[in-house]
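In the two complexes that follow, chain A is the common piece, with chain B as its partner first and chain C second.
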Partner chain A sequence: MTSILIKALKSIYISVPSQNAKFATSAICSNTLSITNKEWKYPPTFTKPREVWIENLDTIEEKKLGLFELHPTVYGATPRIDIIHRNVIWQRKYRWVSWAHTKTRAEVRGGGRKPWPQKGLGKARHGSIRSPLFRGGGVIHGPRAGNTHFFMLPFHLRLYGLTSTLSAKLAQDDLHVVKDLDIPSDNSEYLAELILSRNWGPSVLIVDDTDYAPRNITVATGNLPHVNLMPVYGLNVYSMLKHDTLILTQSAAEKIEDRILQLLHSDTRKQQAKFKLDQV
Partner chain B sequence: MATVWRSQSAFARIFAGKSGLILNNTADLGAKLNPASISTLKKHYSNYAHSPFVRKIQEQYEFEIIKNPPEWEYVQRLLPFESIPKITPKAAYPSGWIPQKEEASNLPYFIERNKNQDLSIYLDISYRGMRKISKIKKIEGDIWLMNDDVKDFLKKRYKRYIETRVHELGKFIEVKGDYVNALNEWAYSKGF
Partner chain C sequence: MGSRQITEKALTMLRSLPRVSLGNIRDNPGYKKNPKRGRGQHGGDKHGAGNKGSGQRQNYMRLGYETGNNPFYLRMPHEHYYKGHHLRRQYPPFSLHELQLIIDKDRLDISKPIDIASIVKSGMYNFTPDEKHFGINLTDVGADCFAAKINIEVQWASEQVIAAIEKMGGVITTAYYDPHSLYLLRDPKKFFESGQSIPRRMIPPPDAIEYYTSAKSRGYLADPEEISKDRLRLAQKYGYELHVLEDDPNYEMLCERKDPRQIFYGLEPGWVINLKDQCILKPKDSELQRFFAS
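Here is the complex of A and B:
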């Protein structure tokens, strides 16, 4: 079936004969034709665009609805694992407030009285039983509660973190592009079976370009804790690594591409400026 | 409690009383708003939460909204660029800057320009100026072949062996010594 489809897609380049119409609907034609016609605002100079299949979600059996080109700067970058790692560390740290707490010698109860006289006992001189030298005494330089670990990773490291992770996911066949998120039923068993049959691993992150996903997929993923929906603006390195497979809708893939390319080709001094607490 | 807009006009509050409707627009109260008529007396409510809401705010100036007026292009001229504009091809550039050539992408290796269309060849100076390293960044394609070509070029020009170092994953080549001008010349000759 797949080989027939590939042949059909290839023959579209030469001519579009009518017998191929049953494999290629009008939508597929436009997708396949976009292989040659896709024009970016910032076209790739040397590296060739990455090609991906457009898949479907409305049947459990996988159907390839067309071919789609992805910009190599975003989806074909060198996966810098050091940058990915720094992004993950950043994402864990910026929201972490450490509540570990110890008491100093002033806060430990008691210890106001001099335990024994300064002289005449042959013992070491001490002024308080809560001194750090004592068992049960205060702690010197211990953790104090409410310690924030907030910092901002430099802007371009955040940007290259996204491109590196997206590229690594695509190179490892863990990134799939689907046409839309329409599924026939709101049963989560359907989605679980689909994920199992396509070897998408247990955990799947589905990214759409809108805030409102269709009802069926929202209900179906509601019961599955390891299948999550996310809008494009929520895409981040940590979540992409946490899930085995990343599913992008076609419009989401394009939107991510446009946004990152725009930022890579514009003046980003504003984004690179020091983070101010009142800027949000 | 949600944030609410409070009346700035203390004068209006006196006339309206505590429970009355406070209008920002004084014309509705039958008084003209001019500097002389604004009372300096203030009404102190027991607390902020119990002070009445501003009910009606009229626009101080009347205006109409026009879409795409002909003058808009003059405003657009002042707006900052959304992205770095594309280069307009010319025969010669007064600054001496050379654009990237189309045929450069036919070679087995490639140096990408940065977003400002400059060659990504830099000089790293460290150890108080004692160590100078020329760095070619953003190399695509066969980096080892390019390393050989760069070495050959430098050997012919300076008639001695010049050390280089290739970082394949980082996509850059480092040349020991300050050879930025020579490397720029080589890159321009290749069309990068």
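Here is the complex of A and C:
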């Protein structure tokens, strides 16, 4: 009895991703479609790999070049909005040095002389016209320039920030995987039209695994302030959220996955240790 | 992070929700404590610190101080067996149970000889040589369920532990390392990156010589003949059949020992390990060679 139940449960679960696969084989002529079975270094447990289309950039209309599997630990993690938020706060703060500055009563010009005698006038006693009680006087506990807001977010919050954001992007269809970044022309109108026709939202972040992107896409994105290129090591939560759509090349998607999985499965006591200023 | 169903549910919900962006994320409610001190009905009054005294002023007494009484910790006579405890060698314990755990979790390679460096690398054991920690005391917790054939080198071991390891056909050695060598073993990479040549291991201090030359404790300076005799004696005492090392397929591995002056397996004193160019620099000068030879 229990075995039947388990089988039934399994079939219910498996039916969700397999619909996608059926659709894939029926809609696209199969001879051009590349479907790769991945060799997992850390095989997904209890969850199926996420399947995504490999798309192209060399034509305006979308062509599906293949199916690609993404690891659920990286691309199907719990979308922890709070962790994403803390990552954004961290990224805003660690580089922020606030230069707001106020003068204390010692720094405000003048105010050395006792304004009026201590006694005999019937007025309140005062020793300086720059006392904080005076108009134009100094400020108590005001901001002082050069105040750094640097702090380090715990290592695993940074890691889970990335997985949460990637998973949220993928779940909301805002993450697309392309084969490579080759486009036929260096005209930015081509790219703008492509983005418009594929409904990728105005702002797009394109991530490749190398520092050197092909010339055409570099020139084409040069004029478009809302379309940006980034190498894979620059990937961060803030940029992903700032852009509507995230485009990963196939190799970039793999590299992100490998790196995060490796860090999740290795000894990270060094990275978890307290941040020291001389460690970098 | 969350069970599978919760994750799936959250991701499915996200599909029908607005795009997650910089404008619509927030932290969990109650994550941040208000740094301000409440006034009046908002937690004012004594602000949770109570009335009068060191509680209110938050100048707590030092630990053990009893407001003028003869404190508890001074009331007893001296305990002389603790005399000089801060100078004695300490061996932080590591149990056979934990050893079995890291072997089962594949965090330790038992096809090679195990020393303190490989145990520290597994992440389950740590020690600080500057707190007079002189290495591992392998304890007999979990001796009954220990089931691995290993060649292990620790710094201290009891008779039961030696028996538990030899019962499985393994080999155990107790070896002394001076604090400087222990620093190297704790983080070899850091040392290799410093570009210094590997030093010689120091000989044990006078009060440790006896332990490390005794066959009963399987000391690294003991006579091998005596050790093999004692292996048999222990097997008879604890009632197990002694494995014949010579017939073992892993004979080479089980017989591997460090030189008394050697710190790392396979690396000799005087060598410089260049991690960047992936090469080893060996001393050629005859005077240096004489110095580093044991």
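Here are a few things to note about the model shown:
Just so we're on the same page, the second predicted complex is superposed on the first by the 244 of 280 C-alpha atoms of A that agree within 3 Å, B and C clash if a C-alpha of one lies under 4 Å from a C-alpha of the other, contacts with A are read in each partner's own complex, and residues count from 1 in each chain.
By our rule, contacts are C-beta pairs under 8 Å (C-beta built on N, C-alpha and C of every residue); 3 or more make two chains touch, one makes a residue touch a chain.
Computed from a prediction, not measured in an experiment: that's the story for all the values here.
With both structures placed on the common chain, the touch criterion links A:111 to neither chain B nor chain C. Among chain B and chain C, the chain that touches a larger number of residues in chain A is C.
Look at A:46: by the touch rule set out above, it reaches both chain B and chain C.
After overlaying the two complexes on the shared chain, residue contacts for A:267 are found with chain B and with chain C alike. Once the two complexes are overlaid on the shared chain, A:78 sits against chain B and chain C alike. Contacts of A:167 after superposition: chain C is touched, whereas chain B is not reached. Legend: residue contacts after superposition of the two complexes on their common chain; A:66 is shown touching neither chain B nor chain C. On chain A, the surface patch touched by chain B in one complex and by chain C in the other comprises residues 46-47, 78, 80, 267. On the side of chain A, the complex with chain B involves touching residues 41, 45-47, 78, 80, 262, 264-267. Considering their complex, residues 80-84, 100, 105, 110, 112, 115, 140-141, 169-171 of chain B touch chain A. Touching chain A in their complex are the following residues of chain C: 1-2, 4, 6-7, 10-12, 14-15, 17, 19-22, 25-28, 31, 121, 123. Contacts from chain A toward chain C in the complex involve residues 46-47, 76-82, 84-86, 88-89, 160, 165, 167-169, 171-174, 201, 238, 241-242, 244, 267, 269.
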